[in-house]
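Each of the next two complexes has chain A plus one other chain: chain B in the first, chain C in the second.
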Partner chain A sequence: MATTMTSPARSGAKTRRVTARAVEGQELALAGVLAVLWLVLSLVTDTFLTTSNLQNILFTVAPIALIGIGMTAVIVTAGIDVSVGSSLAVAAVIVAKLLRDAGVNAPTALLVAVGVGAVLGLINGVVVAYGRIHAIIVTFGTLNLFRFISLRIFDSQQVTGVPDTLEFLGGGAAGRTLGVPNAWWLVMAVGALVWLYMRYAPTGRHLYAIGGDATAARLAGVQVERRLVAVYTLTGVLVGLAACISIGGGGLVQQNIGTGLELQVIAAVVIGGTSIIGGRGTVLGTLLGALLVGTVTSAVTLLQWPSELTALFIGIFILIAVGVDLIRERRRRSR
Partner chain B sequence: MRYPRAVRTGFAVAMALVLAATACTRQQENGSSSNEDDTITVAFVPKLQGIPYFEAMNTGGQQAAEDLGVEWIYRGATTADPGAQTEIVRSLIQQRVDVLVVAPNDPDSMAPVLADAQEAGIHVMTSDTDAPNSVREVFVNQATAEGIGQALTDALMEAMGGSGEYAIVSCGQTAANLNAWIEVQREYTASQYPEAEIVDVVYAGEDEARAVSMARDLMNAHPNLRGLVGECTSSAPAVARAVSEAGRIGEVFTVGLGTPQSMVPYLEEGSSSAAILWDVEQLGYLTVWAAYQLATGQEFQEVNRVNDQLTEVQYFADQDMLLLGEPLRITAENARNYNY
Partner chain C sequence: MSHSVTDKPTQAPTGADSAPSQAPRRRIGVREVLTFLLTDRVALLVVLLAVLLVWMNILDTGGYLIAPYDLAYLFTSLEMAVPLCILALAELIVIVSGRGGIDLSVGAMVSLAGMAFGFMVGEWGWPLLPAVAACLVVGAVLGAINGFLVAYLGFPALIATLATYYAYSSLALVSNDNAPISTQPIQDLNSLTDPVALPFGLPSVPMQVFTFALPTVLLVWLLMNRTSYGRKLYAVGTNDTAARFANLSVSWVRFRAYLLSGLLSGVTAVVTVAQYASARPDAGTVGNGMALPAITIAVLGGVAIAGGIGRVGGVVIAALLVTWLNAGILLAFIGSEGSQYQLFALGVVLIASALLNTYMVRRRGGT
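What follows is the complex of A and B.
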């Protein structure tokens, strides 16, 4: 795995970012791992390659992948957003209460969710960009702050009896088109847009420049602050959409919704080959990373292995991904 | 560039530590000198504040406090964090309450703090969750492991007709009470329902979305699966939701340990057959009553009459334990009678 990723970088280190290839090494490696895993699982179990199982994996992974798209952009700029779980709780409780108490329709609910997410993301972005404070501090602060806000809105009561207004995004039969969960169609659409943007748009390429060296990027005329505000706001918008997915067919929204989500998202991004120190990473990798995590989680249950093995496998994947990234970085510097 | 970044990272880490340290020390308010008069002050520290379960206990506690003429303090942290809970208990010791009741997040780390409280002349109790190796004078137990495990199994077997494969979606893998119930379920199923079989036990944490996903995995992995148990208040609605979304109501039956309000929609649509719980408000009531007995120096009887609803509360002197009673079976018929 390591050799396929490092050899191209060695041969063309200076022109690396100018000639962007369609698919990068770690994405190919990840896709390979995923393909082998799926093949093995469909051979050893007769339950893996079933429609309902694949639907379950895609649906379960959708919110993580969706937020992961934004998180990829954030981490590429050498930032991070650990507040996404709490933001999701705020958006989810507001939307759930509006659906139940005001009976709003689906478009309104989606707009509100996106709006709330955007505002929370904007707050993160503005403080990170203009306050010049490290993103982990800012978003660690807002993680607590947003959780407080959501608990206040919950008002010591879980939201029960949420109607099924958003069931087209949920996990039931009404939430699928051509057998694929609509939530996953949404992930692919948003993923394709952001992938194209980060690859071809000049301002998209600027994100990598900021992550590589923010000072140099600024001197080169990149509007660093504006780009940073944009990526955190984008993440917020996607959190809002993810909140709608998690409400889905309605029912119950509990106070602990979104707790720990940030780590699942960051795990998917890092396993997807995005460098945690910034400057490298793609949306495609993140989607593959999220699918890998979802596949492993589901496979552990299908194989009737003890649940705690999931944590072991995900831990190993993260260490491999970070290790490969570090080795690559060292080789580049030592040259 | 490399140097300033290192400095910034160091600063960032330092700030994170400061923030983490201060985040736990918020809960110092109304330190009123309530103990100057003769009113008995009973303080209860739940695992965390703001969840319906403990809010219902608070409601029952307030009612008892009114009936018995004691002052009731209800104060918990916003996260189920042992450290934050210890802070709050220590601040209550400073306030010199008469009776301190704790539902410990971590029984072992709570034990020395309870010893300090006793040294300060405070009566110490546990409720909802015990700290067995502590100086607590009495533990108010909501139900025995046998009671819960058997009630869950009986309710599910009634729906499944006494036979078939079923699986359990539990929560924290280290939660001692859940594991004790699961153990009872295994033994009770094996002895009472030989035609039924537990095919898997999985752990979803306290994460509802994860529990839904794992419940579906279980249905996929076991095509003959006919039952699912949600072992805690977040997985009980989750297993019902999974069955509902998979369109398998009537084929796969679920029961769980869920709060009535959260289970109402699933009980009414039939994706959940029954929820097993205890009367949480009465648990709060009994807690304050027991505290009152301690503070006024009265002995517990073998069977105690607490109020009109709690007429036969058993006391087990060998374990210093009060038992609320039999678990409650919540169904579509009675779920709406409870407002938590």
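What follows is the complex of A and C.
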């Protein structure tokens, strides 16, 4: 495992390039780790490499990966959004109640979810950009506020009997195309768009400039406030979509939906090689990071270890991923 | 609350927002008083606290509350303030140490140290004092791991403590198969949190306020304001390059900040186990956990997230404000509505105080 993580990094450092490479060393290393993990798991257990298990992994990480795409953009600008779990709860409860009580159709439900998410993200973005408060304080505050809003709408009871209007995004057979969950198709589509945007669009490159040095970016003509509002709103939109995935085939929406989600998303982003200080990171890495988190969760279950150990492994993977990145960064500087 | 008054003059040079209290005041008019209140965090919090108490009393006399909001109730609700206040002080130390300092793992450390304490007292039959000491050591070791990662290996604090949050909370859950330890010796610990009768007809106060909270507050205040370590911590947090040129060992200073945060989590673990009469593996991580409220209170108390600024008095009053606000809200609403409005109040107070702070700093032309 150690060799797969360091060797691409070393070979990559020899060739100096001005333009960013399509795939970074960290992503290659992560893909290597994933490949090794999958290989070992398919040898050790006979249930890992089954269609249903892989479908299950892809479906369960879809909300984390989807929000992670927006979170990558946020963290690249040196921000953070810890309110995503609460905003997911708001979007989910509103959509669930609309589906059940008003019987709205799927497009309307999606539109409402995206709209609610966008408004909540917009609030975060405006306060961060124009209030000039550190993003972590703003979103700690809105974490509480949005959770309050969701609990008020829940009205002290969970939503039961949600119809299966959104089952094409759910975990059942109706939620799959070509054997892959539609939720994961959505992740890949959104991921590809945002990856292209952050890599090639001028305003996408501005995100990295803001994360590197917001003052310098502003002097260079970057509209810092607008970009910030945009990335937080994007995250909100994706949270709305993720809420639809978590409702999926309907049934039950519990009041604690989304609790602790923010930490899982941040873990996936960070394992994917995005620097929490800002200015560096890609959507591709985040998707791989989310897959790693999903694989670890599935592995612990299949190996019949106590499920509480999952968190320990996620913690260790965060340390390894960031540690390897720190070493590479130090080498790059000393060279 | 009394010591917040004493630490005002000594703390003045470190807090940018306390500068006007030093400036020579020519004449004291409404404007000056207002500026002072809005720029001095401790003064603002005291005013807010007074407003809260008066407001709740008006509601009380008007008969809008489901139980009297009196001194006895306020003193009893202090038991909620004790863990919050101690952990907020831990966040104060870590955030002041600068370079994005933060400790997301305090709740997980409370869980894990609490489980260790539970095993020592409840399963292995250790006497109380060695067990408490060992629990503090466990907390300090967990904090030292954070400190090593952040100060010596250069991990961003948010990441390092996110990772150890996962690791510690997982270990706490696994340690006893997700079950709490509540054997007889542990249940007997509940006597540590008995109410203590006060003289002069004052209502009784939970014992841990005197045995844990006040000594901790006093020691942290002394550490931050009366020791060279405290001075070094503010120096490192304000500008670590300058601190390095001043021949300070930046890594060692920062390392100890995280170690102290772990130590204070160990203290909280003892209080929490005694309070619940049970060592719960998810004591500090259930729901939103203990870390988020602790960070919120630290920020509300005027700790600047960028480091180098923050006062013990502000954090303690912020903890009191949040506790009594929550206690009041519980009386003003029926059933689970109360706990929901607590979230609302916490969010609004946090963002409003941060906005006010930025606005005042900008208006005064500071930055």
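Simple rule for what comes next: the second predicted complex is superposed on the first by the 306 of 335 C-alpha atoms of A that agree within 3 Å, B and C clash if a C-alpha of one lies under 4 Å from a C-alpha of the other, contacts with A are read in each partner's own complex, and residues count from 1 in each chain.
One rule holds in what follows: contacts are C-beta pairs under 8 Å (C-beta built on N, C-alpha and C of every residue); 3 or more make two chains touch, one makes a residue touch a chain.
Computed from a prediction, not measured in an experiment: that's the story for all the values here.
Asks: Kindly say whether there is room for both chain B and chain C on chain A in the superposition, answering fit or clash.
Replies: Once both complexes are aligned on chain A, chain B and chain C clash.
Asks: For A:Asp213, using the defined touch cut-off, is the partner it touches chain B, chain C, both, or neither? Pick first, second, both or neither.
Replies: After superposing on A, A:Asp213 lies in contact with chain B but is clear of chain C.
Asks: Which partner does A:Gly171 reach: the first (chain B), the second (chain C), both, or neither?
Replies: Touch status of A:Gly171: first partner only.
Asks: Looking at A:Gln254, would you say it contacts chain B, chain C, both, or neither? Reply first, second, both or neither.
Replies: Once the two structures are laid over each other on A, A:Gln254 reaches chain B alone.
Asks: With both complexes overlaid on chain A, does A:Leu145 touch chain B (first), chain C (second), both or neither?
Replies: A:Leu145: touches chain C, not chain B.
Asks: Going by the contact rule set out at the top, does A:Ser156 touch chain B (first), chain C (second), both, or neither?
Replies: both
Asks: Quick check for you: in the superposed arrangement, does A:Asn53 touch first (chain B), second (chain C), both or neither?
Replies: Only chain B is touched by A:Asn53; chain C is not.
Asks: Which holds for A:Glu308: it touches chain B only (first), chain C only (second), both, or neither?
Replies: After superposing on A, A:Glu308 lies in contact with both chain B and chain C.
Asks: Please work out whether A:His134 is in contact with chain B alone, chain C alone, both, or neither, and reply first, second, both or neither.
Replies: both
Asks: Is there a shared patch on chain A that both chain B and chain C touch, and which residues make it up?
Replies: 134, 136-137, 140-141, 144, 147-148, 151, 156, 256, 259, 308
Asks: Show me the residue ranges of chain C that touch chain A in the complex, using the header's touch definition.
Replies: 100, 102, 104, 149, 153-156, 158-160, 162-167, 169-171, 173-174, 177-178, 287-288, 292, 295-296, 299, 305-306, 335-337, 340-341, 343-344, 346-348, 350-351, 354-355, 358, 362
Asks: What residues of chain B sit close enough to touch chain A in their complex?
Replies: Against chain A, the touching part of chain B is residues 1, 8-9, 11-12, 15-16, 19, 23, 49-52, 55, 78, 173, 199-200, 202-209, 212-214, 216-221, 223, 234, 237, 241, 244-247, 261-262, 264-266.
Asks: Going by the contact rule at the top, pick out the chain A residues touching chain C in the complex.
Replies: 80, 127, 131-134, 136-138, 140-145, 147-148, 151-152, 156, 256, 259, 263, 266-267, 270, 275-277, 306, 308-312, 314-316, 318-319, 322-323, 326
Asks: In the complex, go through chain A and note every residue touching chain B.
Replies: Touching chain B from chain A are residues 45, 47, 50, 52-53, 56, 59-60, 63, 134, 136-137, 140-141, 144, 147-148, 151, 154, 156-158, 160-161, 170-173, 213, 215-216, 246, 249, 251-252, 254-257, 259-260, 297-298, 301-302, 304, 307-308.
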